[in-house]
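In structure tokens below, several structures.
Below, chain A partners chain B and then partners chain C, in two separate complexes.
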Partner chain A sequence: MVQTFDITNAMPGRATARRVVLQPWVYLAPTLATLVVWIYWPLIEALYLSFFQWNMLPTATPRYVGLDNYANLLTLPEMRRAAWNTVLYILGLLPLSVVLPTAVAMLTQDLSAPFRNLYRSLIFIPMIIAPIVAAVLWRWLLNDDHGLVNAVLETVGLSPVGFLKDPSIALWTLVWITGWKLIGFATLLLSAANGSIDPGYVEAARMDGATRWQVIRDIRLPLLSPTILLLTMMTILFGAQWSFVYINALTGGGPLQSTTNVFYLMWDYGFQSYSAGWSATAGILTFAGFGVIAVLCLWLMRRFAVHEG
Partner chain B sequence: MKADARRLSVHVPMIVLSLLAVFPVWWMVVTSLKPENEIFSTRLWPASPSLENYAYVLDAIPMIRILWNTFAMAAATATAQVLTGLCAAYALTRWRFRGASVAQGLIALSWLVPFQLTMIPNYVLATQLGLLNTIAGLVIPNAAAAFAVLVLTNAMRSFPKDLIDAARMDGAGHFRVLCEVVVPNLRAPLASLGVLVFISAWNEYFWPLLLTRRIEDTVVQIGLQMFMTQEGNQWGALMAAATLASLPILLLYLVLHRQIIESFMRSGIR
Partner chain C sequence: MTGIELTGIRKRFGETEVVKDLDLSIAEREFLVILGPSGCGKSTLLRMIAGLEDVTQGRIAIGAQDVTWTQPGQRGCAMVFQNYALYPHMSVAGNMAYGLKVAGVPRRERSERVARIAATLELGALLDRKPHELSGGQRQRVAMGRAMIRSPRVFLFDEPLSNLDAKLRAQLRLEIKRLHRDLGTTSIFVTHDQLEAMTMADRMVVMNAGRIEQVGTPQEIYRQPATRFVAGFIGAPAINMFPALIDEDGRAMAPGGWYPCPDAVWALAPGTAVELGVRPADVVAAASDACRPSFTPDISEDVGTEVHLHAHGAGFDLTLSVPAGAPLPTRSFAISFPSGVAHCFLKENGQRAALRHSIPERTEATWPETSLSSI
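Coming up: the complex of A and B.
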């Protein structure tokens, strides 16, 4: 039955009881309605669409094709390419969003307050820069003919690099731009976690003759593991989605499909080639895949995160 | 000697990261101020700074209109998310009721659904409702967010229950308690959530990309992309447009950087 915390409603009586059952739902209604109409119902519709062929014209009726979309997509080289690239995006982002920030947080743990605040404000800036602005300014910095980076490379005697044109490099360029926005934020998150470690542990270890490296390995890293795992999980679950803007704005999945990923593929099927069924199918497959990964991640986090105390 | 080296080793990584973070933004502003004959020079400050690129942008696209659209969209989204989040968080912390965990689960899981999966049904629905090329269309699907509910639920958990009970004893209804007791006491978390949502709405890309096709109806992110497609190699003008697109957020950051960093960190990525 319903339990309330206030005295006025604790007195039994049918009318009050019913009102209490309804009341929370009234307050939840705007949120739940928005989520159901714009996320959950569309999710079901996408599942439905994945069994149909439809060119998105209001005049055309979707045609039922059973599991054909799934069968086609799973054997399509394009899809395999996109899935593999998705893995590359995530693997490429991890050093930028987890490894490097962890290292910096360790190295800079004894910064004094005024400096720390200055650095904090500066390295956080990319996080608030709009993705499309980041795309535009890196496109300029990395431009083949007149970009600053290639100008610098040439002055030190290296040949210019086609950062967005070379199929073997373009994906890593997009990984870098995606990661550029994250490094500072991840560093701040880890520094904060590092700063909140009880100095008593470190002191005790030092008294026992532990070296700086041993302190890091045996005390700091384990105590930072919840934050490290959280950042890792975020990167795995959302990293490839974050790179969507840069793919769409800078490469369109090219050159030679080298920068496409599953999220771009869904967009491409949906709004470039207007095959709603394929787009929905790719979406459902991706969602299922990431769902499994999410469950795995949560399980790992619960298993391996070390909590203080 | 050794102490100096230690101190240096502490600063070097931070200085490198700071430069990495700031220089591209600096370069954007510098390029935007360079007159045409200087665009390809590598000087870190233009020899003769000029605003001609800005004049060009304001002439080529309806930039003021676009910035206004973006402001209206971001402000409305922030207001809506704070209000819906406030109500939902009140319900989740105030009452224990059957279905509460289902509601909570529905809210928490919603941000795992990738937008690309729901985009086609959403687009169809928005078209049917006549929301294409409207600000309302940009706001309505984002009027509630899991994130806002989670942040405010946490804030309300630590809210002293005695205050609410005292107001209830005085006969105040729940809505009045929410407006007159909870809101005034949660001003800080409400404001920081508002700023956070404003920034992410300002930077929103995907939904406006689908929904707005005319440059005078769009928001600044898509306007910038349209401008890039049209005049991709007018670097000075492109950087001026990018600077205009980021200026409001950068100014906000200049004033509120400490609070903004705090609230981003407290609430994780997104």
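Coming up: the complex of A and C.
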């Protein structure tokens, strides 16, 4: 519009010319400001901090230590343990955030409207419960002595399980709670995608003699692949982060650091041990690691997702 | 024997009955076209034959075998869909071979059969393409190929040409007819396009509101429409309808005491309200006179081979179709037509009324007895 105005004016004034240059930036300013203040500035700050040792006290001066933080963290067993746990969280979440919701979406596709609405409401409830409330609820349910789950186990003759106290089980308990919150969202996403598949394809396959299972395998799953890959990518990139609340509220990374992941460690270094340098270094390492994974995931998605063209 | 027998077919969606007690038998090797307006139940009927829709009541037999409750894939029918429904994630070859793949045909035989069908349909160069890389006509052909590859007993076409432009439609119409001539597979073709129906059908079914209005060859349906609906639905421009009353002698009298076809005596009681239908091409314009209603020319449409003249009259409008170049009335005019071309329908139920005395058949060349497909 501005350009049209310029063309109609034989001799645009300098003020107009300046406005032409500035105007787009004015429109972009709010978004750019948000990006800079909340994303890029903290990123640069973190990168900067990762070369310093600082206890976060305003009175203390950060001391430059070069790459020492990186060298220390990369050799620290604690960090390696957290990284491995992060992988376990992600692997444990994938069945809950991708496989189970896909199966549920397939099994419920033919439900009549009232039943479908009922099941969708039920499966969506965990999603809308505040994470901290969910954490408290699960702590009660899973309590060793008085928890409902253990009470049920005992009535069927099994010995009580230390869901949050047994180092070999605690991580999987947290995976379950994180996943339980995700099932609803993932199922809704997949049901919606499944519902938007042109019924003509399924009919054509039925005419071709495909069985119910063959229709799912050959038609529905390939056509759902963009959604399935998206959920997989989200789980890989964010799954371990989503478990942070539950680690913090339920185990504090224990017992014996069995439930610590990189995100919890980062927070622990920064706000429990007050070593900002280490926390920032862990953050930068995580950022770099997940950055590489994200690029890989995007490449995989482009390569394998089926689009209708 | 791969004829199809439909007996007492009903289909209800909730409260709405879309197919109402329908009987139809389709002969082996026949090309049957089901024609009707949107929502008349023609697609539902086809889908019930395919097995994609369950019947509420009735029986479907294909080749003397009851398939009413048989899975679609086991009925030996292949279907070409309106939007083609080509699997978007499979190549052309994959789309065509899928039916064979689920049937457990070995890979080598699959590709041989795909190559053979692709050659018939001139799809050889496109086998590795994905459907979204094809033009509408090519997609249509792939859909045909997918239907042909399993050598079905019956072809079902659900308005397969309606997404194509006019030129391509005419071309594919011919191709489908040619394929039918060569393969001789029993075919049911659903369309709302009367030109498609008239040109392709061995036999035609005109449906309306879930019922069959008429079954017959295209010639019978055009020349002897069984109901007012059929008369109005077939023919472009649409047939002219004049309200009339049957007088003491059984002749039809139009408003104003005009006897449009004084020679025709109908087997109807005096006072019966009827409608007289006359095709636009059968109407002849004449000089205005006192004993006939006059019409005022309104708009003329030159379609190349002929000119359609729309005119207003007292109480009813009229369309005339005259050959291109013939003189058109410019002022008020009266009309006449031979008695033999008028169709009389009861006002009450739209059924065709019979003549009491036969009128000599029209003398112009009749259409050949044999079906169009064998020409």
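As a convention for this text, the second predicted complex is superposed on the first by the 287 of 309 C-alpha atoms of A that agree within 3 Å, B and C clash if a C-alpha of one lies under 4 Å from a C-alpha of the other, contacts with A are read in each partner's own complex, and residues count from 1 in each chain.
Rule of thumb we're sticking to: a contact is a pair of C-beta atoms (placed from the backbone, for glycine too) under 8 Å apart; a residue touches a chain by one contact, two chains touch by 3 or more.
Keep in mind that this is a model prediction, so the values were computed, not measured.
Judged by the touch definition given at the top, the superposed model places A:L188 against chain B, while chain C stays out of reach. In the superposition on chain A, A:W41 contacts chain B only, with no contact to chain C. Of the two partner chains, neither chain B nor chain C is touched by A:S196. Of the two partner chains placed by the overlay, only chain C lies in contact with A:M207; chain B stays clear of it.
Contacts of A:S273 after superposition on the shared chain: neither chain B nor chain C is touched. When the two structures are aligned on the shared chain, A:I219 is found in touch with chain C, with no touch to chain B.
Within the superposed three-chain arrangement, the count of touched residues of chain A is higher for B, of the candidates chain B and chain C. In the superposed model, A:T31 makes contact with chain B only, not with chain C.
On chain A, the surface touched by chain B in one complex and the surface touched by chain C in the other have no residue in common.
The residues of chain A lying in touch with chain C in their complex are 198, 200-201, 203-211, 214, 218-219, 222-223, 306-309. Interface residues of chain C facing chain A in the complex, by the touch rule stated above, are 50-52, 71-74, 77-79, 81, 83, 85-89, 98-99, 102-103, 130-133, 146, 150.
Contact residues on chain A toward chain B in their complex (touch as defined above): 2-8, 20-21, 23-28, 30-43, 45-46, 49, 56, 58, 103-104, 107-108, 110-111, 115, 117, 119-134, 136-141, 143, 146, 148, 151, 180, 182-185, 187-189, 192, 230-231, 234, 237-238, 241, 244-245, 248-249, 263, 266-267, 270-271, 276, 279-280, 283-284, 286-287, 290-291, 294. Those residues of chain B that touch chain A in the complex are listed here as 9-11, 13-15, 17-18, 20-22, 24-25, 27-28, 31, 39-40, 42, 83-85, 87-88, 90-92, 94-100, 103, 106-107, 110, 112-122, 124-125, 127, 140-141, 143-144, 146, 149, 161, 164-165, 168-169, 174, 199, 202-203, 205-206, 209-210, 220-222, 224-225, 228, 235, 238-239, 241-242, 245-246, 249-250, 253, 257-258, 260-261, 264-265, 268-269.
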